[in-house]
């Protein structure tokens, strides 16, 4: 597809604000640093073209919410030489985030960030913008996830569903890992053709964001970006949750097991042969 | 559609359209205050969309591993231009879409194509799991000059021969697209039908002209669907109905299938090893290149360019985990939302943030799991495309609640 | 043998020259560029108009406080797109956004203009002084967007109506007249010309081409012409540019204050008010509202979001339906639009809200003779295509809402007129022998400079550039007594 000047580029940033992230617990300033960087990054995206659009979603420990745009409008006047719209973004994001943090219940114990759900919300929003665009316009959208959380295996199915939905809708998913390396999200970037970056250090986070994630999909081909590392697509068995090379798959529900079992633990199917069927016909190489 | 219980079976009283009640379609369209009917039409479309969705019910036992033979009629009757521009062109166009979508939704399934040309059956592709070759072959059908009469039996026999040898844990199916009203067979076709039945091969037929007794008979004997198309969009609906995996047949044997999950072989400190792939080794036009990329079979270390594939040397099925995950949504569909009249329950749609207004949103949709409200578009998006409820996955605790509710024996899913 | 140089005057029809911001700035002196980069608004506008790759380069070195080696910058781009990268690099140089600097070790490096980078950072991150029109006011008083739109379009149409109507039936439109100032700009821009006899202005061919542009492009072209003459009016060019871009970056429906503006700027504001770029209730009122015309002034593709309208449903202004049988249906009652369509269609019927016309060879040729190009006709029809035309399946696929047959035919009609290709050349004739002629002709052919030849008349034409070579060859050849 050739890029066209009239195309609208929508960027949805998902910012993990869960206070149980290790980097935040270690250093309270890390949060402020990230928010500032994300706001500046979002504004730089808006600066590229007048028709570019931005949305910011916060993934908090208790709830996922839109920080920008919001239904109620904030009235802003310029206070300095900053472009009015950029001021609006900055003010709205910070204002909404403060509201969100203040209203959130106190965290009792560290809990996971429901990032997969946040991605699904972003996809629903993108689908709506896509429906409402005026005739003849084309929308290219992407999602950037900025997180320092660990990923949690319990969200595996949701992750896979949203990745394939994104792939189908032509939405690119980019991931900026602040702390741990995230293999599941890396799979998502690989499936949707996005960029995955694990930050070496938190300092200069804005510069990293601008370098790797600012160019849109078409421009990335024209620039030299960090090469994608090989993604590990091995499956984990359902019984022990270990990565396996060779496994046994239930023909009814596709559950994966590392050993032969007489009954499928997921769908309760009783398997007929205790020995697994090996594909009998063996083709010879001509 | 054929999924509808009312339309299944030969001796159904309301089998034909002209036997059903007189539909006063115009009466369901009401003008609003301004004399416009846009709103009414939008509502009708919405209802139709939701109905389709409702037909899908949660089934836990599906034939996820499918071996399907597609039999396409390529004889004189396909020249008829009741479907635009001609039956053959229209079929080819829809099949391209069908094949793409089929492999998208049934990642570990295989498909083969047979063409019926002048009383003979010709196997265009063997059973394979990649869409590229099938689409290429189907596109070449347009160059054909269809002539003669088809032989349904020859086609079915050929498919039967190929499917018979396959292990029974897979769902084995035949889908016929028939343009002709007649079939010219060498011997009694009932014998073929009988063996299809004993083998448990599901045979479905889509007729482009009219309902044919023998076709209806074959499908009802083998548990398949029969459909005669009204127009191209109806044809598309009929075809797309075959994308979702069918319910597992009773006769189907369940078993564990051994599979390999290749992963990049890079050792610490060393670059990946250069090697040649197995898939292009016989291909003279596009010979295999020496490279470090590719997937290695964990059993015999042969290399392949893409997944899923069956290892040529040791016969192991090689897949990647996301391939399997792609079909999980068939097994764990999102629970239907409840349609409720809008009276200010929520100010905006939980998923897409659309602000509800009394004029535009007469109904809103309520998920009983996460207790959030959604707009109609998101309802469709969640169930048709994403297969993931937004609220259930963004609000902590809901997942646990769901797990408790359905814990009737189901284990956890995930890595 | 003689050779004659044919000095045919190559008559290129002078078309309207629509510059974008970049080409406009490239023609300005560097000192002026440096001066205008003191305004964050202008930096922002310049940045947005840069090519995609240039923008990425600027962002990458914006926060680097020292010069970056050129080799490093070059390594950022993929080699496959080296050509595009070269354009991007030269564009930044020409616009004075960056310049060559030396770093220790003697490597050539790029350094952003300090003024530009400082002010771009201000626009992006804040700091510095607020823009001149954002003085605090008590209580916001937003205006209806639809009101502003109607106002702006009615003002702007006055200018267009004046252009169309001035020549023929000026008497009728006396009350819709525009100020002498605006007329002066139209004359300066060569869109209108004073009649030699009675001095009344009449529209030129550039004027017609101007009318076929979309209003965004019209306003921009008009404002550039205005800026050309603003020094004469005693206005400060950088100040005017900055004001124009402040408006361009403002929010539709919001009020802004003219408090604290210099008298020059107040005059400029009044001019903008006349053309409909801003709305002000009274001349003395300190509050004004930018209109859609002034928003995103440099970008013809921009959609202008407005306050309180989250979904950005832009109202469609398309009204033309073109059918494959060359019929044109226009849902309009505007005399201006009818007149414009009448330039290249044969009008058949006129109803209160609809006119029907047909594109014929004669009507299109008439327009082509008047200096309108096929491209302009097509783009006009395209730009005002009815939403139903844009929504068709084929339109979505091909990105063109017009039937391809019609587009092709209009272009063929234009090509009919271009059957002559003018090439400057030199004629060689009166050769003494056939052998001489053939030798020389073959030589000319071998170095690819032969335009035309006739063996019977022993005449050949070579291009002007090839003349020297052929002449030299001939001298050598005849010296050798061939």
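Every chain is named by a letter (A, B and C) in the order it is written, and numbering of its residues begins at 1.
By our rule, a contact is a pair of C-beta atoms (placed from the backbone, for glycine too) under 8 Å apart; a residue touches a chain by one contact, two chains touch by 3 or more.
Remember, predicted model here, so these are calculated numbers, not experimental data.
> Say we pretend subunit A isn't there, which chains still hang together?
Without subunit A, the chains split into B | C.
> Closest chain to the protein's overall Cα mean, using per-chain Cα means, please.
Checking distances from each chain centre to the full centroid gives A.
> Name the chain whose C-alpha centroid is farthest from the C-alpha centroid of subunit B.
Looking at centroid distances, C is the chain farthest away.
> If you average the CA atoms of subunit A and of subunit C, how far apart do the two points sit, in angstrom?
Roughly 41 Å, centre to centre.
> From the C-alpha centre of subunit A to that of subunit B, how far is it in Å?
Spacing between the chain centres: roughly 28 Å.
> Can you give the whole-Å distance between the Cα centres of subunit B and subunit C?
51
> Give the residues of subunit B that touch two or more other chains, as numbers and ranges in rising order.
As it turns out, subunit B has residues touching two or more other chains at 355.
> Which positions in subunit A touch two or more other chains at once?
Answer for subunit A, listing residues that touch two or more other chains: 71.
> Provide the list of subunit C residues touching at least two other chains, using ranges where the numbers run on.
310
> Hey, which residues of subunit B end up touching subunit A in the complex?
Per the stated touch rule, the residues are 60-65, 104, 108, 165, 167, 169-170, 248, 253-264, 266, 281-282, 298-299, 310, 312-313, 315-317, 320-322, 324-329, 331-332, 347-348, 351-355, 377-378, 381-382, 385-390, 392-396, 399, 409-415.
> Which part of subunit A faces subunit B closely enough to touch in the complex?
Residue positions touching the partner: 59, 61-64, 66, 71, 111, 114, 116-118, 120-121, 123-125, 127-128, 131, 153-158, 160-165, 168-169, 184, 187, 191, 230-236, 238, 241, 244-257, 260-261, 264-273, 276-283, 285-286.
> So in the complex, which bits of subunit A are touching subunit C?
Checking each residue of subunit A against subunit C gives 3-6, 8, 40, 43-44, 47-51, 69, 71, 73, 75, 77-87, 90, 132-137, 206-207, 210-211, 214-215, 219, 221-224.
> Subunit A touches which residues of subunit C in the complex?
Counting only subunit C, the residues touching subunit A are 40-41, 44, 47-48, 52-53, 55-56, 59-60, 63, 75-78, 80-81, 84-85, 119, 122-131, 134, 136, 140, 249-251, 296, 299, 301-303, 307-308, 310-314, 316, 387, 390-391, 395-396, 399, 401.
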